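Going in written order, the chains are labelled A, B, C, D, E, F and G, and every chain counts its residues from 1.
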Amino acid sequence: MTIVLAFLVGGLYAGGLYMMMRRSIVKLIMGLILLSYATTLLIFTVGGLTRAAPPIVPAGVSEPPVPFADPVPQALILTAIVISFGVLAFAVVLIEQTHRSVGTDDSNNLRGIEGEL
Amino acid sequence: MLVAVLSGFGLSLAAPWAVRVGRLRGWLFALLPLLLTLYFLSFTPAVMTGEAITASYNWVPSLGIQLSFYLDGLSWLFALLVSGTGIFIFIYAGAYMADEPLIGRFYAYILIFMASMLGLVLADNLLTLFIFWELTSFSSYLLIGFKHKDEAARKAALQALLITSGGGLALMAGLILLGLAGNSFEISALVAGECLTEHPFYVPTLLLILAGAFTKSAQVPFHFWLPGAMTAPSPVSAYLHSATMVKAGIYLLARFTPILGGTALWHLLLPAVGGLTMLVGAYLSLRQVDLKRILAYSTISSLGALVFLLGLDIPLAAQAAIVFLIVHSMYKGALFLIAGILEHETGTRDVTALGGLARIMPLVALAAGFAALSMAGIPPFFGFVSKELLYETTLGLQDNAILFTTLAVIANMMMVAVAVLVFVRPFTGQLVETPQQPHAVPLGLWLGPLALGLGSLAAGLVLAQVGAILIAPAVSAVVARPTAVKLALWHGVNPMLILSILTVLGGLVVYRYRHSYRRISNRLDMGRQWGPAKWYEFGLEAMLSLGRLQTRVLQHGYLRIYLLTINLVFFVLVGLTLVTKHDFAGQLPSTDLRVHEAVIAAIIAVAMIVVLFARSRLAAVVSLGVVGYGIALIFVFFGAPDLAMTQFAIETLTVILMVLILYRLPPFATFSSRGQRIRDAVIALSVGALITTLVLVSTTVTQPTLLTSYFAENSVPAAKGRNIVNVILVDFRGLDTLGEITVLGIAALGVYALLRLRTPSQRKVDLTATVETELVAEQDKSKEVEAM
Amino acid sequence: MKPAEKDNTIPSLILLTATRYLVPVLLLFSLFLLTRGHNEPGGGFVGGLVAGAAFALYGIAHTVHDARRLLRFPPRVLIGIGLLVAVGSGLFSLFYRRPFMTGIWSVVEVPVIGKVGTPGIFDIGVFITVLGMVLQIVFELMEE
Amino acid sequence: MNVLFINLLLALVWTFLTGSFTPNTLIEGFIVGYLVLWLASPLYGPSTYFKKFRQTISFLFFFLRELVSATLKVAYVVIKPDMDVHPGIVAIPLTVTTNTEITLLANLITLTPGTLTLDISSDRRVMYVHVMNVTDVEAFRQEIRQGFERRVGELLR
Amino acid sequence: MIQTVISAILLTLGALLMLLAGIGILRLPDVFLRMSATSKAATLGVILIMVATAVYFNDLGVTARAMGIVIFIILTVPVSAHMIGRAAYITGVPLWPETRIDELKGRYDEETHRLEGQPAESTNVNQPG
Amino acid sequence: MILELPTIILMLGLILTVARLIRGPSLASRVVAFDLMTTIGIGLIAVYAVMTGQPVFLDIAVVLALISFLGTVAFAFYLERSKR
Amino acid sequence: MGLLLLLPLLIPFVTAALALLTWRRRRIQRALALAGSIGLLVSALVLLLVVWRGGIQVVQVGNWPAPFGITFVADLFSAIMTVLGGIIAVAVVIFSHASVDSRRERFGYYPLLLFLMMGISGSFLTGDIFNLYVWFEVMLMSSFVLVALGNERAQLEGALKYVTINLVSSAIFLTAVGVLYSVSGTLNMAQLSVQLSQSRQPELITVVAMLFLIAFGIKAALFPLFFWLPASYPVAPVAITALFAGLLTKVGVYALIRVFTLLFTQDIGFTHALLLLIGALTMVTGVLGAAAQNEFRRILSTHIISQIGYMVMGLALFTPLALAGAIFFLIHNIIVKANLFLVSGAVYQLQGSFHLKKLGGLYRSHVGLSLLFLISAMSLAGLPPLSGFWAKFLLIRASLEVNQPVIAFVALGVSLLTLFSMTKIWAEVFWKNRPETAPAPKPLSTSVRLQLLLPVAGLSCLIVGIGLLAEPIFILSSQAASQLLSPAEYVTAVLGGTP
């Protein structure tokens, strides 16, 4: 599965980056989301895969039975996806407000102050 | 000595307030240079015995930087020059700029300059020297641009600053190299230390230091800033741009002669550059009609002569240089001040538009006469002695004596012509109508030039004393061994005298035919199109164009190209490292795969492709949801229930968010061309392939982690939780979570502000603004009133 | 889209009625996730999300205004409180001269939850913050 | 509902007595408790508990039966090679009045054969149902009224 | 052991029902018919799987969760179906041309989505073709 | 193992559902497909819990059941609003 | 002692959270912001003192021993950076009182600013690579909001780029952390240092180093990844731009210095040579870009990039003196850059524009402000004896010492062009006459003037002070550099001698 996931991660990166490079800012949103999936899955994959053994200690014993999935990448991912969620929420609203304020969804029309030179 | 140097800085802080004393302010400020002159004079006996007075204060000892001062003959002479001229300049400026509202700032700057110049010549530490060096450039900038409303003044100030600072930067590098080569930053130690001319750093060091000296002392091809600097008020021109600052380069060369001098390179570069400058300055000088520009070019010529002399391979050269230095400072300072008076009184500096002023301002005319005579090298003026010495030096050379002597004679003929021009045209003949009606000149104005002019005469009369007291210690310092100096007006009829007479006669001839000269030289003029001033402008323009071009190329404002660039950088850096550094010998991770895992992975891939090519936004959002849910299922399969739960929850919320947002956004549009899409796809796929490789490679070297076993062992006993992931989140690595919820809080604030905060213009236009928002705004206003 | 028009869509009766049953269930479950999180899958974060979902559902079925009333506190205040609770739980250990965020546990066991400790309080802070954040965003967007 | 409470209590007591806290013992306990209560019913005076309980059970079975048959019908339709369905949207006037009743009814209709509640009219008088096979509209309305609506009414009153 | 066998059978049945729903959603011609398939088959499928799970683990916590899921599914599936159906109808998702009768037609207020509750006499049978 | 069978059946169902998701054509159909996917997902998680003997996974199914409903409602909500 | 290390994080955090509860009560918010920033500064100063006296300070958050929990570490470098953060925060908060409009103040300006400071302090003090990511995000998230706060069109357009590009950077950062954990099995930077130096696959580590280089390179605005900066910095409220200019990119530089001294030193021949090249290109493009601009804030903004190049140069040369130079440069540049932006803000308050064409005449009417500008501008250009001179001197000397004349030449040339840009502003804004079309300077109330000038004057004093008292600052920088160059010290302090 690691190999499959490696390709999946690469694919998600490619997809996310491709979408981000579109001119439509609506697609930019999708690209950002795909990119955050890609990162999440990457950490999960490189952190090592262990099937169906959650890092939870059964009641009454003091350690989980081996093998168990590495809890550290899980905790990291949890933090990371939560953070990306917050950031994405903001980014999405920002894009919407930009569209509303500027009246375009073509990022070529959003050259900002650089366009003034 | 530190106090002496810093006093100028101290007073400059007070200057804006000190000017309130009114008309007497010039005299008041002159007290400081007077005191300083007296202070330095008090060292006369010591200096004459060849003793060096040192003072050292720790500044940045760990970098070898001391505020160390070294008063020997050379620095003493320069210090006297700076403070002595300063007296007259300060008095003069008080009268000259009587109505200037910003006179306080003027005194502040010129005091800073004076202090810096003193620091420069007294410094023993290379870095200290450099610091004061830069400060002189900077104060010069402020003074050249003193008439700051005038665009020409601003440009000239910038030009002077860029040229001298550029040289300054080279000097800095040179001084650092010198310090590194000589293992000390103290000049006295370097002089005493081992010979550096064989050191591998020697050539770059010398070139860099020369670059500093040549820019500051307006050597060709950096000379053009000096005429530009004539936009400065005349006291500044007299003080900085003839008597002192431009001599800093000369000082530097003299100072470093014992350290860097004596090599073939030295004897090649200095005479070449100096000689060229001498000629070019002289050539250009007579072409001018603006009095100050005439003087400026002649100053360039003189500075060239000084560099020329310092580079000649003969002991007498140092003596000739020091004498000429003093001579020039006195007569040129006087002439600049006189030029200032003329402009002040008549409203013009055009030498052809003046005449007969001797009747109105006799004392000024007297001063001008003295100065011009000294400049022309007429006995018994000090200038005569200097010219004799010059010829004696060139004639004494072993190589190129004829060539160099001819050069000197030609340049000096021109100087004679200039001297005649600046005295005869304005002061003799018919009184000419001028823009302003000239009046009698007040004491403050004529005192300075007259004193300097008299000085030129007096020095010629007490030559022996001048030679013993002023010249000898300085020369000893330059050649780094005690040297006696014997000066005399009369040596009998010798080749030098004949050359002197020839020079004066030639100068008169040149003066006579000055109009033809101007015409011919104007016709031959190439400087305006090809001269270094053009290079400067071209360089500046090229730099600006390059900047604009680069901005267009790199800073174009297209977000997608920015992202493309990042991708390319990523691909190149990571790809190259991966390919060149890594050997792909490691075994691939296990290929063990279950049906459901494969199916979910395939579904994720398919859903992602749907996202990429979806025509409808909502189809894309639904497919994104599928991708997210699919990833959550992978979390399930590999034992991450907390992750899966969170992913499901977040995914759902993302869908809600997207749904709430999307219906306000336009439908998907395809703006880019097919070619762009293919290009982007290729790049994106390349990066993706790189990531895949990275994942594969890094999973082959996965290490058993220390953390995991610790967490597993301690989760229940120490942290009292069975869900290790949760224990990590709230306990082992709780700080991460604290940051994480902070991000969420900020994001929420951000969304709130984005949606609620409207610019005033938006408020008007935005018809969708809800009554509720407006109500809130109303309440806010009332609250604001309360708060005020 | 004037406000008068905005919320005039007739809400679905079925959804309204179902919400009456679903919201308490969701809230209960969110607390369940919160309290059990230390030992079973769950925790303050997911709990907060589920609780947020409950209020969001209420907002969709009724109006945002009603959902805000149901919540009682403005979401922003919840965020502030949540952050303070979280950091406060970390500061608690300073009374015991331990570093910031050292877990301090009660000696006696509380029924249902088990031992009470500062990490649990921290998780409550997470819960409140997440709830506040979700609602701040969702409410704002739905009101637009 | 007091009796239900006692019944649940008895089920709990039973699980404690048997010492194993699994769903099986809980259900055992509930059945035993129900029997005990039924035997001891005179103690509690008149109570609708037993009647309601039986009604609920029978409703559940009815519902499950309907759900299974619905699923089989769908299966038949779906698997059959030709798509032989004649759908339609039918309005059904409602007799039940409370929101809970209406919603329960709507949900049940959705979960049972060939029907799907689309919406309730804003005056809560009419329910619009999507039907997979419409043959006789009136007969269908009657069927709903007699089947679900009646049972829901009985159960919730 | 018996528990395992029972739960395996139930799980398989449940899975088959979900497969059935999958076939249904793919084959049926319009969105309303598709919902008919998913709302029933999938619900029963979940119920069977949950019962199987409860039987398999025979643990109070698991059973409670399984029960919770079942109740929640029964509670929510019809609601979602209704919401989607209503939205689909309002947004004009076309009915399958074979649809014989549409008594909703024209009953929604365009602006407010208020739904008229008219007596059901005036049935207008759709003429296919 | 005998429990592989339900998993594979579920996967088949999932694939068919995805096919509908791709084909659409109406958004409503896609949402229905998405809804069915979550339901199958709940089933899959439960099967997986049984298959691996890890009842903790069931908690995920509970969360999914509770929360996915909201997604569907949101889509419907959006659909209705986008009409105006 | 343990708490002290966390105070720079917790003080802004708690004040920000309190500000959320006192929403829209402007006075309280202002007071909280001031209290938070002063608290941050004071605690950072105490921390620096303690580190100076007692060496590297470490606290194991949650009392879990390193490398298991999260460790907060203050070595001299991080303590210095935290102090600088405090200084800029105080100045910006005071300046904000006078310059930020009430609209923004009512929409969370102060809490956001405090959260930003929290993220910055956390980034400086954490000893854990993932925790660094978290604080980066806290910092970025608040900066995202602050850039967009106000909803003006230019702001939104700038923010869009800023956010998008930084999200990409974060994704790369996260990827890098994931791979790093995968190949080393730890997140604690001290232990990472040990693990990586013993790695069996140093080549892979170099690949990871590239990931970090790109991730931090974007945040630090290195060539050719800087485009987000000129796009976004000039659109925020000027007080915020000052804060960003002073601190945000520098956090990227801090992170670069941290990881390329502590973690990635296996292949210096490659990585640091690459850094040197990037540093040179960054310097040059930044300064040329600035020369092309004709707007006060945009000149300054583009110029930030150029200065980052110097810091990277110091890192790339990798000698004690060069690193000391880089740190000295950081100290100097943070203060100077922020101050220049504050001056531009004061000018804006007076004349209502940032365009050089629309400005002028302030030399005559506002001599104090002119002088304060000149001090900062000349310090930026490296005029001795101001702070910038020493920074430049150290770097040039360091490069000449290791026989890298090319980079020295580039650095000197760039410094000349810096001078050009600064004098351009000086000539246009101060010397030149006020254009006919421009309005006369607005008379400002005394309190507003005080709030505008106090921070500028204070920072200017620091600039002069650093220049005159270069010795202690240099010793501090060089001690900090020597700590950086001996990772063993850091490792021992964190892991307690049992790496």
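Just so it is clear, a contact is a pair of C-beta atoms (placed from the backbone, for glycine too) under 8 Å apart; a residue touches a chain by one contact, two chains touch by 3 or more.
In this text, all values refer to a predicted model and were calculated from it rather than measured experimentally.
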Chains contacting each of chain A and chain B, listed by label
C, F, G
Which one chain sits nearest the middle, judging by mean Cα positions?
G
Would you say E-F or A-F is joined by more C-beta pairs in contact?
E-F
Quick one: chain B and chain C, Cα centre-to-centre, how many Å?
60
In whole angstrom, the CA-centroid distance of chain D from chain G equals 67
Centre-to-centre distance between chain D and chain B (centres being mean Cα positions), rounded to whole Å:
90
Measure off the straight-line distance from the CA centroid of chain A to the CA centroid of chain D, and report it in whole Å.
44
Residue numbers in chain G touching 2 or more other chains?
13, 20, 61-62, 130, 134, 137, 141, 144-145, 148, 151, 160-161, 164, 168, 175, 179, 181-182, 187, 230-231, 292
Where chain C touches two or more other chains at once, by residue number
9-10, 12, 14-15, 18, 22, 25, 29, 33, 39-42, 45-46, 49-50, 53, 56, 76, 79-80, 83, 87, 101, 103, 133, 137, 141
For chain E, which residues are shared contacts with two or more other chains?
20, 23, 35, 43, 59, 68, 72, 75-79, 82-83, 85-86, 111, 113-115
Complete list of chain pairs which touch one another
A-B, A-C, A-F, A-G, B-C, B-F, B-G, C-D, C-E, C-F, C-G, D-E, E-F
Using the touch definition up top, name the residues of chain A that touch chain B in the complex.
1-15, 17-30, 33-34, 37-38, 40-42, 44-59, 61-64, 68-72, 74-79, 81-83, 85-90, 92-97, 99-101, 105-108, 110-115, 117
Taking the complex as given, what residues does chain A use to touch chain C?
54, 56, 59, 78, 82, 86, 89, 93
Complex interface listing, chain G residues touching chain C
2-3, 6, 10, 13-14, 16-21, 23, 59-63
Contact footprint of chain G on chain B as seen in their complex
16, 58-63, 65, 102, 105, 127, 130-131, 134-135, 138, 141, 145, 148-149, 151, 154, 157-158, 161-162, 165-166, 169-170, 172-173, 176-177, 180, 204, 540, 543-544, 546-548, 550-551, 554-555, 557, 559, 562-563, 565-566, 569-570, 573-574, 577-578, 581-583, 691, 694-695, 697-699, 701-708, 710-711, 714, 731-736, 739-740, 742-743, 745-747, 749-750, 752-754, 756-759, 762, 780, 783-784, 787
Which bits of chain F are touching chain A when the two form their complex?
48, 51-52, 54, 56-57
